[in-house]
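After this come two complexes, each holding chain A, first together with chain B and then together with chain C.
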Partner chain A sequence: MIGPTGFIEVRDITKEYDGIIALKDVSLTLKEGKITGVIGPDGAGKTTLLEIITGLRLPDSGEVLIAGKKWTEDSGSLKRNLGFVPQDFSLYSDLTVEENLFFFGQIYGQKDGTLREKIEKLLDIANLKKARKRQAGKLSGGMKQKLMVLSCLIHEPSVLVLDEPTRGVDPISRTELWELIRFIKEQGTTVILSTSNMEEVSRMDEVVFLAEGRVLVQIEVQNLSELFPFKIAEIKTDRVEDLIEKVEKLKNIKATHVVGRRVRAYFPREYEKKVVEELSQIVKGWYPVSPTAEDVFVYLTGGFIGE
Partner chain B sequence: MNEYVVEVKNLVKKFGDVTAVNNISFSVMKGEIFGIIGANGAGKTTTIRMLCGILPPTSGIVRVSGFKIPRESHKVKSKIGYMSQKFSLYEDLTALENLELFAALYGVNNRDFHSEIERLNQFLEFKPFLNSLVSSLPLGWKQRIALSCALLHRPELIFLDEPTSGVDPVSRRSFWKIIRKLSGAGQTIIVTTHYMEEAEYCDRLTIMHEGRILALDSPDSLKTSLEKESMEEVFVSLVGGSLEEV
Partner chain C sequence: MRKSKAFLKKEFLHLIRDPKSLFLISLLPVIMLLFYGYVVRMDVKNIKFGVVNYDHSQFFEGLVSDMEASSYFTREGEFPSLKDCEKWIVKGKVDACLIIPSNGYKKLLTGKDTEVLLVLDGSDSNLATTVANYFHAFLAKFNSKHMPRGPEFRFSVVNFFNPELKSSHFFVPGLAAIFLMMICAMLTSITIVKEKEIGSLKLLRLAPVSPFQVIVVKLLPYLFLAVVEASLIIAVAELWFRVPFRGSLLSLGVSIFIYMFAGLSFGVFLSTIASSQAIAMILSLVLTILPSVLLSGFIFPIKSMPVLLQALTYIIPARYFLIIIRGIMLMGVGFKEIYRELVFLMVFAIFFFVISTFRLKREL
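Coming up: the complex of A and B.
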């Protein structure tokens, strides 16, 4: 059942730990069948938010509704419809891949026959069939991560929540994990996950930027760059220091940022013509580039003011 | 012409039957920001430990700041600084007490310590936090204090291990700005990470996999030569090509 305003409603959540605010007045409306990413640095409140959504933690005030149901009223049916992969999820390292899945399936009360079928299907989609007899403790980091996700899918939840699934995971395993997450979404499952890695935004449908316990913005990924008021010129150079000095002297440049041997210059849209003229005086060529998710986050947290 | 701070030639490290570092060669120029990129188990840490003189190589040549390793390892130690994302700070000491501790460990005398604090504060701006307990500091400030601890003895070469993962983007940008200043002033930086957004900040980098070097170039050249948009794609295409189904 879909609620009248959204599949998952987070309403005015506030949570403190010993007087320290973890979340303040957080309200979100999450859509069914989408991948929503909660993005913010360490300490932003990501884990607390996910734990409150999954009913593991109670907020000081506010409430969460999943498909119109509240944790305080109907936790039994919510639990059956929800899978949560916490950061410190532990597999049984001396059990094999399929034994782990079998164990978690039994916890959810699954019957032998259907459980075996489901395990086959899950091993197949995660490309873990060849590793089925290996002990979980002897898997690579990326495989372990995938097995954790499968363990939380065994009861076929309609909502899957993952807390920083790609933390400490190398790019190959991360790519594989994202393929798995995308597949899960395509099966109709609603996915909510957290990350501190701004580069992962492009893989999500919607993002929630979180900083110091507050929601900066909730927006569809495709509309993200609309939040950014500046245009960006990127200049490649082998002499970063010299160039930066010259660029920062230009009147209409509001900020600069150096990545490797590329200097990025930020300027208000309305000054584009002037900036093009000014830049042509000091450099041979430059490229207009789109803002990254990190640019938008830095802007929303005030990082471009006073630079 | 170019002054090399690190020279590595045919370096090998074996642990029993396992070859952790398999015949690698590279040089790092003075003032360069050089990245050693790879997944867990690629051989990054073993390589760094050999460069620091903590771990003797099985074979090959390593020269750091002009000193031969392992023969002159003891001389190398005063030339290098090390900072980890796991921040080797004592949480129940203040920022200043941490700095004093590291200064004492590196043999920095009292007078030099105070002038160093002044010098470092000019670009790290940590003074308002000196008397705060480290445990109470935001991550971005812990990172600056940890960097300061690694810089107090004016090392020629600084190792940064995943320095900015999980840090808020504003702090991360100012951190890399500081690193660029250090490199501009002639200090050499070696970054180890598997986070590709950190890889982008390097002048040149080497991608390691199973103890070998798969590529060594600037991030832009790697992207251009492999026709990829991002370092993540570069990594996946290089390392993915050599992965076996397990």
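Coming up: the complex of A and C.
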């Protein structure tokens, strides 16, 4: 185990590639035993941040402390306590599921007997028992991702870092992957993962919004809506364009956004009463909805969805 | 027409934005031409020869002086017996031995034909044939100058280690040296870069393994495979091409092992510098076959090359292994005669092993 606290501190990290800023003055404190998501669009600096946390990349300035230890001071112990799942499939395609897990267990110094037991358990958890003899290269995308996670869990790390684990994975496999991630968290492992899929935020404990190499905010998921100073009214309609035209004419509506056959209208909290009156004049019914992670993210970057 | 124009423009843009390819296309042929122009020469200069003179007459001293005066022959020393001269041939210090019989000059004076003996190193049949031809031309000139109407002054040739100058005895060990280097470098040239390409190197970087460990475990299976491969090549050389085997199996085994280690280490080094498996393969082919064929002395005599290229041959492992394999198989030499070459190969192997470890350390 890394230690009693197991938290990760990222202090004033800056990283540039050929003069292009990937990360600028990034500081974070990540809690032990939680699932923290690093959220942002492509090119936001998520992978760079995760690779700096895992010691795969050195920052131009700043430092990372894992349970008070720096990579430059105690890389051996940190390596043994950290697991990293890269974005792309990085296992040996010609080895079977079992052989891959055995290999990674052995290079982490696991003994054959206990390793066998662990592999059985992990295959069972990930529902990969039937595929144990299949070559890794012949697995489906979701199965490959699960195998990647398992191969990084085999040495029981205290911190597991996953770079976009659900990218390109079908919905069923995504759900299974999230079940696996929750199971890992329940074992006391600190999980940090990146994603550009805002819908996954609800599965996390805490999020770090990253854009253009800067941290917009770090917040617990349950408090996310507090960052959004607007209310949202959702109206169902068959005539979307007509409705938008009418809604946008209302004085206190800041923005509108269409989701299928629903129109979402954004308005400041303080004008709720007025907006309710105005809306009741043009539509029969509407209902309030909570802001999504995407609403918050887009607002923090200076706008509204659809603008 | 517009479509073709669009394609044409796109292709030019590709070229302009890839300066490496542009450089290769425009300058490489010129560089290669210059390089080959200096290397590909079958004429031999500076043929080193020793003299065993049982006659000691001024006439034969004149013959040797005339030989030296030509730009082709250089006298390396005088030896009391053929046995001593043979040792110098084995060591590669002389290419030929001129044996002058006793009373040779007296025979000439009495009008009798006289014959000198030219002993050559048949293990390099190409060089031996060239030297014999040169000596024949030299002697014809010498005869016409000194004995236009006199008795005939002739020479006969003895080729040590390959009396019949069978080209297979010359080519097969040389080809073995080239193929073994190529196979070894190719085998390991993709090992590290493959890990880079599939991304597993990232996982290894986070695992508690040292670069030394990684390189050793990468080398060992291929070393085993390479030794099997080498045994097959030697077996085919001996059983199929009937190349004689006069040395000890132990010295050949040790030499092959060290040579394989050198090739595999070089391959791993290439793997650490290449950006893809394809580039690693190309590098391993280009950097092993070309230098081994051109600069090892296998086909083109090193002594005919410009000094700079001659200096370059000292870093080509095949140059040393060629001496070793021909020495062991055709001349029957032992460790005593080849230890210098083995030391070089060992240094080469360790050098690239260490460099690769350091390069991998940066990656891990």
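Keep in mind that, in the parts below, the second predicted complex is superposed on the first by the 296 of 307 C-alpha atoms of A that agree within 3 Å, B and C clash if a C-alpha of one lies under 4 Å from a C-alpha of the other, contacts with A are read in each partner's own complex, and residues count from 1 in each chain.
Please note the rule applied: a contact is a pair of C-beta atoms (placed from the backbone, for glycine too) under 8 Å apart; a residue touches a chain by one contact, two chains touch by 3 or more.
Keep in mind that what you see is a predicted model, and the values were worked out from it rather than measured.
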item	value
Partner chain in contact with A:G55 - chain B first, chain C second, else both or neither	second
Partner chain in contact with A:G76 - chain B first, chain C second, else both or neither	second
Chain B versus chain C as contact partner of A:S151, first or second or both or neither	second
Which of chain B and chain C A:K46 touches, first, second, both or neither	neither
First (chain B), second (chain C), both or neither touched by A:H257	first
Touching partner for A:K118 - first (chain B), second (chain C), both, neither	neither
Touching partner for A:G109 - first (chain B), second (chain C), both, neither	second
Which partner, chain B or chain C, touches more chain A residues	B
First, second, both or neither for A:L91, with chain B first and chain C second	second
Chain B and chain C footprints on chain A, overlapping residues	none
Chain B residues touching chain A - in the complex, by the definition given at the top	38-40, 138-140, 165-171, 173, 176-177, 180, 184, 194-197, 200-203, 218-220, 230, 232, 235-236, 239-240, 243, 245-246
Sites on chain C touched by chain A in the complex	198-200, 202-209
Residues on chain A engaged by chain C in the complex (per definition of touch)	54-56, 76, 79-80, 82-84, 86, 88-93, 104, 107-109, 151-152
Chain A - residues contacting chain B, complex	40-44, 130-131, 140-141, 143, 167-168, 170-175, 196-199, 211, 236, 240-241, 257-262, 294, 297-298, 301-303
